[in-house]
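Data first, discussion second: the structure below is written as structure tokens.
Chains here go by letter, A, B, C and D, matching the order in which they are written, and residues are numbered from 1 within each.
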Amino acid sequence: MLRPKSNSEQWISREHYEISPSVPAFEYTDRYGNLCQRLVAPAGAFSIHTGTEVSVTDSLDKAPGAPFVEVQNLPNAVLDYLLPSRFCESDRFWQMATEITAGQALGYDQVFAIEQWLANRISYIPGSSDVPVSAIEVNQRQTGVCRDLSHLGIALCRSLSIPARLVVGYRYKLEPMDMHAWFEAYVGDRWYTFDAVQSASKGGYVAVGFGRDAADVAIYNQFGPAVYPLEQRADVKRLRTP
Amino acid sequence: MLRPKSNSEQWISREHYEISPSVPAFEYTDRYGNLCQRLVAPAGAFSIHTGTEVSVTDSLDKAPGAPFVEVQNLPNAVLDYLLPSRFCESDRFWQMATEITAGQALGYDQVFAIEQWLANRISYIPGSSDVPVSAIEVNQRQTGVCRDLSHLGIALCRSLSIPARLVVGYRYKLEPMDMHAWFEAYVGDRWYTFDAVQSASKGGYVAVGFGRDAADVAIYNQFGPAVYPLEQRADVKRLRTP
Amino acid sequence: MLRPKSNSEQWISREHYEISPSVPAFEYTDRYGNLCQRLVAPAGAFSIHTGTEVSVTDSLDKAPGAPFVEVQNLPNAVLDYLLPSRFCESDRFWQMATEITAGQALGYDQVFAIEQWLANRISYIPGSSDVPVSAIEVNQRQTGVCRDLSHLGIALCRSLSIPARLVVGYRYKLEPMDMHAWFEAYVGDRWYTFDAVQSASKGGYVAVGFGRDAADVAIYNQFGPAVYPLEQRADVKRLRTP
Amino acid sequence: MLRPKSNSEQWISREHYEISPSVPAFEYTDRYGNLCQRLVAPAGAFSIHTGTEVSVTDSLDKAPGAPFVEVQNLPNAVLDYLLPSRFCESDRFWQMATEITAGQALGYDQVFAIEQWLANRISYIPGSSDVPVSAIEVNQRQTGVCRDLSHLGIALCRSLSIPARLVVGYRYKLEPMDMHAWFEAYVGDRWYTFDAVQSASKGGYVAVGFGRDAADVAIYNQFGPAVYPLEQRADVKRLRTP
């Protein structure tokens, strides 16, 4: 899943997708609307390079006070982001979420309290988990990568009946630079971006995939004999102010 | 999720759906094609009665020897049934699945070995779990309800790169009678039914919902103040041989 | 297409679908969300009986003054109801629509003027057309069945950049009783019902299918050797005030 | 609709989409799976440049003798390509199609006979129609652009219960170079490409959009005050043999 799509927050003006050595690849759209590419990697050295030129905003919308949307008023398409998923066992986090958000107005402010709690309590250590671990495990370890912090944030939101989803992609000035993962929560009748690793207020996000958690939006799912990734590198540059 | 749909295995010739006291209900189709009903239950006593007259087959297809489908040859629509999900942590079961299916031909025979292993090793105890537990937990407890055995079966199949999904619905002559859950695995280019609780060979299955696991196909998801189910009853009768 | 679905305007509490002699039938959902049934009719006498118990409202929403939605503000899902279709050649009706709606406020009032014009100028003659004819043909004949008047209404709306779609189904107290067709137009951020045959203000509509025109929502499409319909009968009764 | 997608017949390795002056554009996927871009063009000069690097095959599959698929065996997703549409009034062409295909084996050979008949009888005159005209009109004029010949071919196929759809895009070595339109017919369990303008046997096709006819896959649909296209230019170069 390496081909970002244009949407209401980003416009793809240029992209390329190189596979070498060249093998046939097939693209389809998954249940979440993401473009996915399927291919059989040949034996031996193999690489994929993609690049994209995207217009995004410099700053993200914030909405302190944006209200909680009662479940009966949520759009149908948002409902399954309330359900527990592989790495977000939201059915086990209600008590903890209630404590973290005590005293907050229902809605945006609850999610903001969760984001702050994650930033303060869970150590962000790039490279600290090789395989995805679940929100319960992240909470036990008190440490994780961007994906792990997001999983815990999502589980906490959903346990409060706030729809939440994982986004994977790129972020300008991420330190250290790599692919990134953050989360969105649905309050005040739209999705808002949250990022426990670095404040989301500065914008510069490029979304590649959306889903319930990393099981849905892995950069790649590999089947068959084990492969050994030799290198994964991401680079994000600012081109110009439009 | 209480309205079965006609599909290639079942034909709905008659159904009713009564809500009392009457409240507005809204129906939509989820990502998996299931019909879902949304409603706000009023305070006080509240009941839903549904009934359906369905044509199904008396016996289910079996296919010993049906081959494993290599991942590159799977249809796009089946791919996400390979991924781990809330209650089926297939990313943690590869070794166990390999042991259970040792010596089996790849494909149908592997799934059959898993079904047999579940029937022999995991005690089916109706009512033994109130809330859904995951495959890892079921494997620790060595006991479970139909849903739990299915979750473990699904996790084992997926760990072998065999797509598998949960089905909830009804089954003729289930003992004790209740709503039921079983699983399907995709081998030999189609879905086959497996049921670790009672041999699936006799047919009489009525599917109400399909999904990755019980998170997707709960009979109901309830949000808001706790509700206390007073009674849940299912009844399946044979009407006639067509 | 004989199985109505519940939606925000109607709730199906009971239904049956009988095919005699019994043959296998398969159901699927088309691009517009309608449930469609496929079957191979046997040689000889063959009949289908369906019935449904539906809750609908007694009166329909009217919204004089509801504004035209500029095309850039229409939801994506509504856009293709702006395009011409088999029986609604909206690309040829702009001048006529402009004359009919001269002096009207943009939006609901334009559609209302079109509905009135149809009711006054095109003679509604049940049984007057055997096969669907297009809006251009209806306009030449100045006469038609409910489907024909609706097609002309849809073509006129779309030519003014107002999304419009055909609905087929049943209507309480239709004279003479038969299956019915009417149209909906999207103004003021939602769909409103219009019916040039009998004022839509009284409600009692049961929708079975939605589409761009009768090509999408034929009650049945028949392929193969010609069949001779012996009888088609519809009956709509009021059961009770809920 | 100017952004081609990768599919089983083509792989997009590089593309760009420039709008000048820059205005916000929004992308969505329509009912047929095409990527569509929405934008409000500013007053004054305005241009869109797109480019794409695509891997396609040098020659297209041919399948003389590939059988007609009986309607009951067609996949659900193909069924609505049997229905008449705005510019393909297939409900009026059965007799003519029967005559054109007299003596042919059912299936591929019928479609090939239709393609040959179009190439021989309908004069291909680039620029001969400004606005889309329908199959009936094309048949009366006996002349048309690539889109018109395709519409007539589609109407003829559908009248014989062969699913057919319009494809718009680019073709290598088209004379004179422009955007192009051709058609596909579903026989022998898959779609095959046909082109009445230049034999389809040489390949070099890049599909941008698929639909029932030009109403679904217009390069652009424009609403509001009339715009005057100053220039439309297409250019297709061969990059290399992979």
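Definition applied: contacts are C-beta pairs under 8 Å (C-beta built on N, C-alpha and C of every residue); 3 or more make two chains touch, one makes a residue touch a chain.
From a predicted model like this one, the values you see are computed outputs, not experimental measurements.
Applying the stated touch criterion, the connected components after subunit C is left out amount to one piece.
Hopping across touching chains, the smallest step count from subunit B to subunit D is 2.
When the CA atoms of subunit C are superposed on subunit D, the rotation angle comes to 180 degrees (nearest 5). Both copies, subunit A and subunit D, contribute mostly matching positions to the interface they share, with over half of the numbers common to the two. In whole angstrom, the spacing between the mean C-alpha positions of subunit C and subunit D is 29. Chain centres here are Cα means. That of subunit B falls 38 Å from that of subunit C.
Centroids of subunit A and subunit C (each the mean of its C-alpha atoms) stand 43 Å apart.
Subunit D has no residue in contact with two or more other chains.
Shown here, the protein chains touch around one cycle, each chain meeting exactly two partners. Only residues 5-8, 11-19, 22, 24-27, 29, 33, 35, 37, 53, 55, 242 of subunit B touch subunit C when the two sit together in their complex.
The residues of subunit C lying in touch with subunit D in their complex are 28, 30-31, 36, 38, 40, 71-72, 76, 79-80, 82-86, 88-89, 91, 131-132, 161, 215-216, 221, 223-224.
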